[in-house]
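One structure, as structure tokens, below. Some questions next.
In order of appearance the chains are A, B, C, D, E and F, and numbering begins at 1 in each one.
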Amino acid sequence: MEKVEAIVEALPFIKEFHGSCMVIKIGGHAMVSEDVLEKTIRDILLLYFVGIKPVVIHGGGPEITEKMERLGIKPKFVDGLRVTDKETMEIVEMVLDGKINSKIVTTFIKNGGKAVGLSGKDGLLVVAKKKVKKKKEGDREIIIDLGYVGETEYVNPEILQILIEKGFIPVVSPVAADLEGNCYNLNADLVAGNIAAALKAKKLIMLTDVPGILSDLSDKASLITRIRADELEQMLKEGKLRGGMVPKVEAVLTALRGGVERAHIIDGSREHSILLELFTRKGIGTMVEP
Amino acid sequence: MEKVEAIVEALPFIKEFHGSCMVIKIGGHAMVSEDVLEKTIRDILLLYFVGIKPVVIHGGGPEITEKMERLGIKPKFVDGLRVTDKETMEIVEMVLDGKINSKIVTTFIKNGGKAVGLSGKDGLLVVAKKKVKKKKEGDREIIIDLGYVGETEYVNPEILQILIEKGFIPVVSPVAADLEGNCYNLNADLVAGNIAAALKAKKLIMLTDVPGILSDLSDKASLITRIRADELEQMLKEGKLRGGMVPKVEAVLTALRGGVERAHIIDGSREHSILLELFTRKGIGTMVEP
Amino acid sequence: MEKVEAIVEALPFIKEFHGSCMVIKIGGHAMVSEDVLEKTIRDILLLYFVGIKPVVIHGGGPEITEKMERLGIKPKFVDGLRVTDKETMEIVEMVLDGKINSKIVTTFIKNGGKAVGLSGKDGLLVVAKKKVKKKKEGDREIIIDLGYVGETEYVNPEILQILIEKGFIPVVSPVAADLEGNCYNLNADLVAGNIAAALKAKKLIMLTDVPGILSDLSDKASLITRIRADELEQMLKEGKLRGGMVPKVEAVLTALRGGVERAHIIDGSREHSILLELFTRKGIGTMVEP
Amino acid sequence: MEKVEAIVEALPFIKEFHGSCMVIKIGGHAMVSEDVLEKTIRDILLLYFVGIKPVVIHGGGPEITEKMERLGIKPKFVDGLRVTDKETMEIVEMVLDGKINSKIVTTFIKNGGKAVGLSGKDGLLVVAKKKVKKKKEGDREIIIDLGYVGETEYVNPEILQILIEKGFIPVVSPVAADLEGNCYNLNADLVAGNIAAALKAKKLIMLTDVPGILSDLSDKASLITRIRADELEQMLKEGKLRGGMVPKVEAVLTALRGGVERAHIIDGSREHSILLELFTRKGIGTMVEP
Amino acid sequence: MEKVEAIVEALPFIKEFHGSCMVIKIGGHAMVSEDVLEKTIRDILLLYFVGIKPVVIHGGGPEITEKMERLGIKPKFVDGLRVTDKETMEIVEMVLDGKINSKIVTTFIKNGGKAVGLSGKDGLLVVAKKKVKKKKEGDREIIIDLGYVGETEYVNPEILQILIEKGFIPVVSPVAADLEGNCYNLNADLVAGNIAAALKAKKLIMLTDVPGILSDLSDKASLITRIRADELEQMLKEGKLRGGMVPKVEAVLTALRGGVERAHIIDGSREHSILLELFTRKGIGTMVEP
Amino acid sequence: MEKVEAIVEALPFIKEFHGSCMVIKIGGHAMVSEDVLEKTIRDILLLYFVGIKPVVIHGGGPEITEKMERLGIKPKFVDGLRVTDKETMEIVEMVLDGKINSKIVTTFIKNGGKAVGLSGKDGLLVVAKKKVKKKKEGDREIIIDLGYVGETEYVNPEILQILIEKGFIPVVSPVAADLEGNCYNLNADLVAGNIAAALKAKKLIMLTDVPGILSDLSDKASLITRIRADELEQMLKEGKLRGGMVPKVEAVLTALRGGVERAHIIDGSREHSILLELFTRKGIGTMVEP
């Protein structure tokens, strides 16, 4: 009986989100164990069955490194940036598309969902270009060749729209190509932001392994639960954000500028984090408004 | 957190019922108080928002009687059966369509639903005919004229299908007409059975004020939780069912013969009875299988 | 043979109106006798079968009064305005939706039409708000509480568009609710004007019991057969219109401002008045142009 | 006023035929004067605007003969049958498609209709084959070569269905080709019967210059107003039908066997004959039932 | 093997044109022999089967003259311009619609295509008006009555769009009518330009009997292979174009102004001229860019 | 000019195949070099642009072995059959989905095509089950556990139909899962046969590295160019087929039984083999008829 009442209490939220599209970025940390992944997928399936149209984007840095080590390939770094040569790119694709994407699709199947695994290349979803990294060296600006590291040139959301409309759940890896057939490894957070904007999604939800945006990086209790995009942009400029949070926040800003209604940065390692954020009044992470 | 887990536990049920149509007969007893009605409507709205397509049928006997008394009209009975003359029929329509149906639609609005109130006349949903009541009198069979008491001739489900497809929740009263424009008062249980069959609904759910079908009428603890249609038909023939349960069971048998997958008879006065029946493994009433 | 020639003469008019939507307000006076109502419905059905898409709006003041008297409820008036308390509102709904709307739908069935009875609540067609009536009292302006007397907040024409497209004839009562579920009695003329505007109907046709707009109220022969909206607005401001004609003209102006091509005010008590207005060059009432 | 009543009296017929498809064969005699043609076209346009979907088929024998004489070509006959050589066939096409079909389309335009002129070749509507005419000569059966005289091999009604659905009125000539590109002159009555069957039209209406089928060929008063297909077939076998009536009756039988509900043979030279047949209870010609 | 390689080499062109609409004007010279016509039709069919949507427009001046001579009618000229009286117009329609259009449709059938022959009257594709020809006579400007010589008033491309979408190839003659039903003979080049603009075709291809536009009319080697619309307009103003090239160039300019991407003027008497122009990098005629 | 004529000669074949679906199995040998792969993809793209709807299936045995060796994993064999344990299965997925499938999709992009890479798991295209391998050992039959080697349980072609209809080219790997989420490696030939049958494709084309089916395995000149399914089945039973040809023939028989019109086994290593087989009268491999 209590259970039924719990469901009934979720009604106003379900009502609000019914029929809307949400882009969910699963962090590499959901990949740590099959159990965590499965719980996350089940939460997403619940969203699906209460009428929300989820699009899943995933990354996979840690697994790429692991696989390279396994194959005896040493990562090369120039000035702290990983260089992706042809051989590395092949491993990137195998791990992202052949392992992680595949595992997510399988986990959907196991739990009764109909997912479709895609990379940015499928249906030309994401057209990429080589990322140009510049560096000041004395007076001159020099370009660092990072190899097959790319960024989004533009997004064709048609393939996602077709699949969503027909009731499938798309699962997207951050591999994409340019029109000459060169493949690139893209930052999954940024791809999520671009796709959310192209779909004019209701929400972009970034699952990460910290509680959200902190006003004081050294104090986990300083979580910001609600912030406007312009305030967040200010924080970014002032260097108050570090590490992996930077591309997440850039993705959030891209999405909100592109028409997404709200973006959420939440702790994906916490159980049912997506549901707690969406179906309770308080939420658990940081919500960003336009 | 517990609440969220409760919702997640409902996932297998939500998954099973997603996208299916259910016909729900609301008994006169849900009309006793606004509070009970509102709780029932909210449960139905929850079904709607988790992807179920509900069609609501209601009756209203007690309110008709009350209104007649209010207007100083004495019910006439012939041999224990109420006779519906022209004046009574007018009151029937006013109460069923102008009061009860209207109140249900209003309650949906208040709780965020888009309902459409219909009678059987709208879009020729139910084409009715006069009910012929016969009686043995000695050797002869005589026909008792009950006036405007009718039964279903056939159902045109088109109007319901259109509204359901477009995301509306139809609310249907048991008033219908023949093609000459004579209006009749029909038994709401039987109309629910006919409509469930015409829609090939997944479920017919009869809300009543007893726990379900009892194997021993004198023992409330003798609830049958699961029964096959042929066994139920046998009970009906053997006279093991009484009063208001008779048309309910007839409606259930009509629905199952017409292709409905399961029918449920449950206690609508119990809070969240619909959800408890659908979203828990045990259920709370009687489930009838084909 | 003459009959066939008469039909052929109507061809240019039929051609002109083919496929267009017309909103027809039936006045309380069509309700005086079943015979008058039936003739009006048959004329509307004829429009339907020659390719016009009619939407019918009705009122019902006189019948409400009668029913209240029948129930021994005394109308309360404050400053000449009827106050609609909760009990009165219940009667309003019963009479408008359960009796008049119902009778119109039945009359369509009897004559071979497929009508669907709606109130403003169905499919949230009309979202209403409480009507605020102000009154000067000395220097101060005081607000008179008229109870459940409402006006249109906005119109969602979707339910009408769906039904029209599928070949049904919608019949709409002027009962509507706000999103909190409070029900209101609205002026049917004004509702007709709002709905005609929302549908961008080709015509709004107001059936009343006078020949049309008179330039001299005391002279029935002073009928204006054709007038522009701005001229009519001027007449309204100058107080040259009285009584029931005032809301009719307001509705006409609303409709024309909202994109309706022509509005007609005609004598609905005259036999075949709609057809005479539409299918003869001269017409019989007042036509208002934008 | 009388005119309006005449229209109202047609309502039951309009209602019955609303939305149905009718194939109308215009005889060469409607071509005698522009005035007769225009009246016939106006009647067909009226059908169109009251919701009937007309398909017009025409012939044109007399005009072909006239044009051949004009060009100084002598018709050749073998055993009383006209032989259509290549040169004649060219004239047939020019007259049927370039003159008669064209004139009918123009007459629709002039009266506000949107017609589309087609031959059987357009969209492969009618695929034809050479007509094999055999003749007994003593004991032997010899084949008479009639040149480009053809008959229907099969009908692809798709092009008609597309045009009808989009609100156009197709006008079809009896010229068709085989898949090798040989063009043939077909009997227009038979083509009308084949097309009516392929469309499963509600009615096939043959306009001719006699009142209908006569039980006694010498007595114009012996008109049969109603006959069953089997009775008519019997008359045909017994040789009770002569001349141009034979292919008309064969076309009627083909249509009825193919699912057409009723066929009518009426005097097209009588003013408003189509309307008198369809919109009055008595009709004016012969109605054939399956 | 070489053949297969030839096809593969065409891939980039096929890819570029896939799914686009092209309006092709067939000159009277393709009518010289059946063999030339058939080769042209086969090339157009090839375009069709590689995913291009062709619309064919044809003229027919020479055949009209020939037919008139055959019928012993003398062309009348006023000031060098042919006057089209009623009798001549009848011949124009018979030849254009009943002979040339018909022959083109037949040739499509023979080669496996599904064509639909239309004139500008069909579906009111082209609404025409009388062409007003003025002439200076001393100080006064006088109007020369050319009879039924017309020009395009406006184009309703709906019928073409419907047919194209359903996979038919429309074949259009330059006969059209005004809304009063007067038929006119239009210049086929100009009709092709108007239709290409109305369809926003990708290309307008004018087949003629010269290699294209020459910079020096006396030197066939002076072919301009590529020119901008403004440059071409300049040539027209400077009188550098003569005879039949003038309406062709006017049509091209109309089309390009109306949104057509490219126009081509090529020698239709050269075998496979359309394919050589479209599927080889150099082309063979004049391409005009906006 | 010769090139254009070559294209025109292909017209009858293009016409025949226009709009039909073909399933093409690319053998591992097309993977030998990027050049061979690119030529094959270009041929398939040509099919696409002339109106054929291709579905590509690929295998990848040799690359899996190579990758395993690279990772230092030794293939285990039981009785000559490769055992696929969990670790091996992970490599299978990475190679098939993350490398080969990905490379094919990239090659389409590079050549202007819009492909979508899928495994059998996507959209539940192929539901698999564990393959049960039995072996006689003396009198007893024992089951050999091959691990994650699977076979098709059933095919849901919906995802393919949606993608084809929208103009995408699906590229499918032979990885699939059961509904519990266990992933299996399937034989790509057999998957191609199952999918061709489920799609009721016009053709199944098996690209391999031999010329086709030989009547005498030792004589390459003994190519059978045309054979009926029953004859082929007989050859299979009689053991006249060996090695990789066995599953190819089983796939062909499955496809033909399932309604595929023709199956072709051809030498994919020969340049333009697909086009030579489809667009020349003789063909180059073995065509199997039902």
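A few remarks follow.
Throughout what follows, a contact is a pair of C-beta atoms (placed from the backbone, for glycine too) under 8 Å apart; a residue touches a chain by one contact, two chains touch by 3 or more.
Bear in mind the structure is a predicted one, so any value in this text is a computation, not a measurement.
Under the contact definition stated at the top, the chains bordering both chain B and chain F are A. Between the Cα centres of chain D and chain E there is a gap of 35 Å. The mean-CA centres of chain C and chain E are about 55 angstrom from one another, to the nearest whole unit. The distance from the centre of chain A to the centre of chain D, each centre being the mean of the chain's C-alpha atoms, comes to 68 Å. The residues of chain D never reach two or more other chains; the list is empty. Under the stated contact rule, the graph of chain-to-chain touches is a ring, a single cycle where every chain has exactly two partners. Those residues of chain B lying in contact with chain C across their complex are 70-71, 90, 93-99, 101-102, 105-107, 109-110, 114-119, 121-124, 158-159, 162-163, 166, 168, 175, 177, 179-181, 183. Residues of chain A touching chain B in their complex: 1-12, 14-15, 18, 42-43, 45-46, 49-51, 112, 271-272, 275-276, 279-280.
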